[in-house]
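Per-chain residue numbering starts at 1, and chain names A, B, C and D are given in the order in which the chains are listed.
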Amino acid sequence: MMDQLVIGGRSLQSRLFIGTGKYSADALIPEVVKKSGSEVITVALRRIDFNSPMGNVMDHIPSGMQLLPNTSGARNAQEAIRIARLAKAAGCGNWIKIEVISDNKYLLPDGYETIKATEVLAGEGFVVLPYISPDLMVAKHLVEVGAAAVMPLGAPIGSNRGLKTKELLRILIEEIALPVIVDAGIGKPSDACEAMEMGAAACLLNTAIASANQPELMAEAFGMAVAAGRKAYLAGLGRSEKYASSSSPLTGFLHN
Amino acid sequence: MMDQLVIGGRSLQSRLFIGTGKYSADALIPEVVKKSGSEVITVALRRIDFNSPMGNVMDHIPSGMQLLPNTSGARNAQEAIRIARLAKAAGCGNWIKIEVISDNKYLLPDGYETIKATEVLAGEGFVVLPYISPDLMVAKHLVEVGAAAVMPLGAPIGSNRGLKTKELLRILIEEIALPVIVDAGIGKPSDACEAMEMGAAACLLNTAIASANQPELMAEAFGMAVAAGRKAYLAGLGRSEKYASSSSPLTGFLHN
Amino acid sequence: MMDQLVIGGRSLQSRLFIGTGKYSADALIPEVVKKSGSEVITVALRRIDFNSPMGNVMDHIPSGMQLLPNTSGARNAQEAIRIARLAKAAGCGNWIKIEVISDNKYLLPDGYETIKATEVLAGEGFVVLPYISPDLMVAKHLVEVGAAAVMPLGAPIGSNRGLKTKELLRILIEEIALPVIVDAGIGKPSDACEAMEMGAAACLLNTAIASANQPELMAEAFGMAVAAGRKAYLAGLGRSEKYASSSSPLTGFLHN
Amino acid sequence: MMDQLVIGGRSLQSRLFIGTGKYSADALIPEVVKKSGSEVITVALRRIDFNSPMGNVMDHIPSGMQLLPNTSGARNAQEAIRIARLAKAAGCGNWIKIEVISDNKYLLPDGYETIKATEVLAGEGFVVLPYISPDLMVAKHLVEVGAAAVMPLGAPIGSNRGLKTKELLRILIEEIALPVIVDAGIGKPSDACEAMEMGAAACLLNTAIASANQPELMAEAFGMAVAAGRKAYLAGLGRSEKYASSSSPLTGFLHN
């Protein structure tokens, strides 16, 4: 029996979602996809040049990947909605990652505008994955208005700082019935592994792979770490103990 | 080109070392070995009953595994040396993990006695892997007296508490020319993954697998996590940043 | 020159705000106030029995304290507004701590309803201190609608878990022009001290004192720790270094 | 009844020990001493120029302070012993802090040489306070050979990195009957406060004060933080909880 993640009716084997930004060359993307095993890839609509006969980031995304266009650049719900519709019209499918950001320094999302955009787009049949702060009430509202998952941040976008919001992520995973996908901040495979051990449904990351010295090898590392974390979650972690506990009885040898 | 760990002249593909204690049934061991991909397994000599025609833990260790007998139960150098010689005489080979412990609560090792035992056994041709506190000076002395690797603890044995000594492990990895194998305390695959990302040569763990609800699945998770951490180390982790950094330029879309 | 915190036109010497809940006996409150040095005390309006000739928590609050009634029990903006007005009408003054909570397990606040209540009450002349998740955009909206400070949580109310949201608190302190008062989750004086070192304007806590074995002594400890953290912030912390650095030159002694 | 620390027969009110190194000018020392409230001050013997009629660090140490000469610069037991005897002969009293360090990068102590020096000097009537790695077995040996306290490191000397060895410090505090004084690595008053909350008997620090923008103010902050941490330890910290816990009952108000 397979352990699959189902979002928007699509079954996914891999729980690693990746991005397309920051690569030294977009031509690296196919190998990164292959090595990571990822089946979902996000791309900023504004990076897609629909008129360009060449050099388009879309040319480097292997067919069969689930495209997850994002609304990067949107500063309010209206702009996010407009970008989502453009993406669909351009043939990018009906999945959309909502990013509504007006803070240019930490790129932190606006929960209220995100809820408004999600409500409208979910109503239009989009599979909506909103990027959010790890705020339980925002996540609850998103469940109500039809999100397909919630994507709380571990740390600011592109910071590679890791799971700095662990306390709040834990609560979201416990309280929200939708898949919780940790998005942003993950810097190392061990971060992604730990998110999965905590019960996250998936991880989305971009910078940690794109900024590695060898992105393809790092992609492979992340693919394995996410799968390892998921298996650990399913296998049931042992308890952590205050005192030591010997692997075998300490008496009865040499001393009797 | 393969990335192999060479210890005592033996090349190892897997950097996960496992133990044989605490399983609900020793018969689980072969499947744990297989799923983990591990090639090195430690066993307490006192658990081996050389006279028993059946029920011996040795019967469950697949042939081809590198056996790493340990001196668990030894309270000083002399006892450790005696156990090591018994192990060799009994056909367990010439690898030996030195454990000298007189603290029954936290099972913390005695560095001075460990150095003495290592010196003697290395002189007799043993491949000596000593279990130590993450103390730089003890590790330096062990290098001088002929250890094949050093095995500092992440947390007390069997505690599943994780890499609580990260600060000191980092220093050992930086300063010691021998392989640094994190032994004890690792509770989750993400812990093992992180140790490898830091540059540890390998991880040894037992309780985290044996105390899982599904040990075979947890063994697979650890095998993957250790490999992922090693790949991340080789791929070169990106820097962690204080501020956010967008995956694509924030200007020039919708707002121009 | 004094370092004072000014809120709603009132200058405060102490940056420790305390609560009135969970004490084994309300009669402990005067001594806790005295030992802590606190000048601001929060009380849930619903705990005040305005008809009771005795046994009222208000009887135990020393005169001269700045009363900070809170809207604990409110599940939306409207209820919070109603409670605030009741408090004012009852002679509790014009300071109000907004708590809008519909999550009964983690008691996490609803940012959107909190903004609505703050806007109305600030418009009516209240000095509004809203309890929030450490969400930058919510905090920015609160600045716009007239809050006097923002009170982000370190961890869930009453959990004593500490500064689990440090990453996000740091951003709020950096980006928000209002006083940032860490409220909820602080379990130890060292937590409060660290929040102050980071640049928080003040700390509010209740459970950590009320649940101590000796609340009066713990109150004194918190008063000192908050003051210490503030002084450290003003004194300018030294940099943290990767390598060691001797307190005095290592050469030229015994070895020359 | 006072809570005093007694070492070598001397009762101390303050549990903050300070150093004399790294100040921009030694003339700052008297004010730092005064503001910190410290009663014990360590000085490297090699920094003392017994022939100099002026400019000597000793001229800046207020009378009445307990002098704690240290053996900084010693690379083995013999050198440490020689320095200790020189200090005594020079009139520095019979307290001695043993530092035996041959690692010039992280300045980590040599436990074995430290034990040897301690044994000899304790036998000669010195009050011996050895600087050590947080290694339980080394600490146990030091108890046996007559140390007056043990001084485990929180992080490398002068690094300001904080309590990075918390796991091992906790064990020492629990298992060792002597006063455990955290020495080295403390960078912020909150670090010192936390060490005291854990049950440390005292803290010794130098760089964190000397490298602050305003050393006198930072000295005051540390004095308060150490006292706060001690009071918290005595007051008995409340338990940390997984879930939230309201400061007052959540029902019965507005909703009935």
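Just so it is clear, a contact is a pair of C-beta atoms (placed from the backbone, for glycine too) under 8 Å apart; a residue touches a chain by one contact, two chains touch by 3 or more.
What you are looking at is a predicted structure, and each value in this text was computed from that prediction instead of being measured.
Compared with chain A, the chain whose C-alpha mean position is the greatest distance off is D. Comparing each option in B-D, A-C or C-D with A-B by residue number, the pair that reproduces over half of the contacts is C-D. With centres set at the average Cα position, the gap from chain B to chain D is 34 Å.
Between the Cα centres of chain B and chain C there is a gap of 46 Å. The multi-chain contact residues of chain B, meaning those touching 2 or more other chains, are 105-106, 108, 156, 161.
The set of touching chain pairs reads A-B, A-C, B-D, C-D, using the touch definition from the header.
Those residues of chain A lying in contact with chain C across their complex are 102-103, 105-106, 108-112, 133, 135-138, 140-141, 155-156, 161, 164-168, 171, 175. Of all the residues in chain A, the ones that touch chain B in their complex are 19-22, 44-47, 72-75, 79, 82-83, 104-108, 156-162, 187-191, 193-194, 197, 206-208, 210-215, 217-218, 220-225, 227-229, 231-232, 234-248, 250, 252-255.
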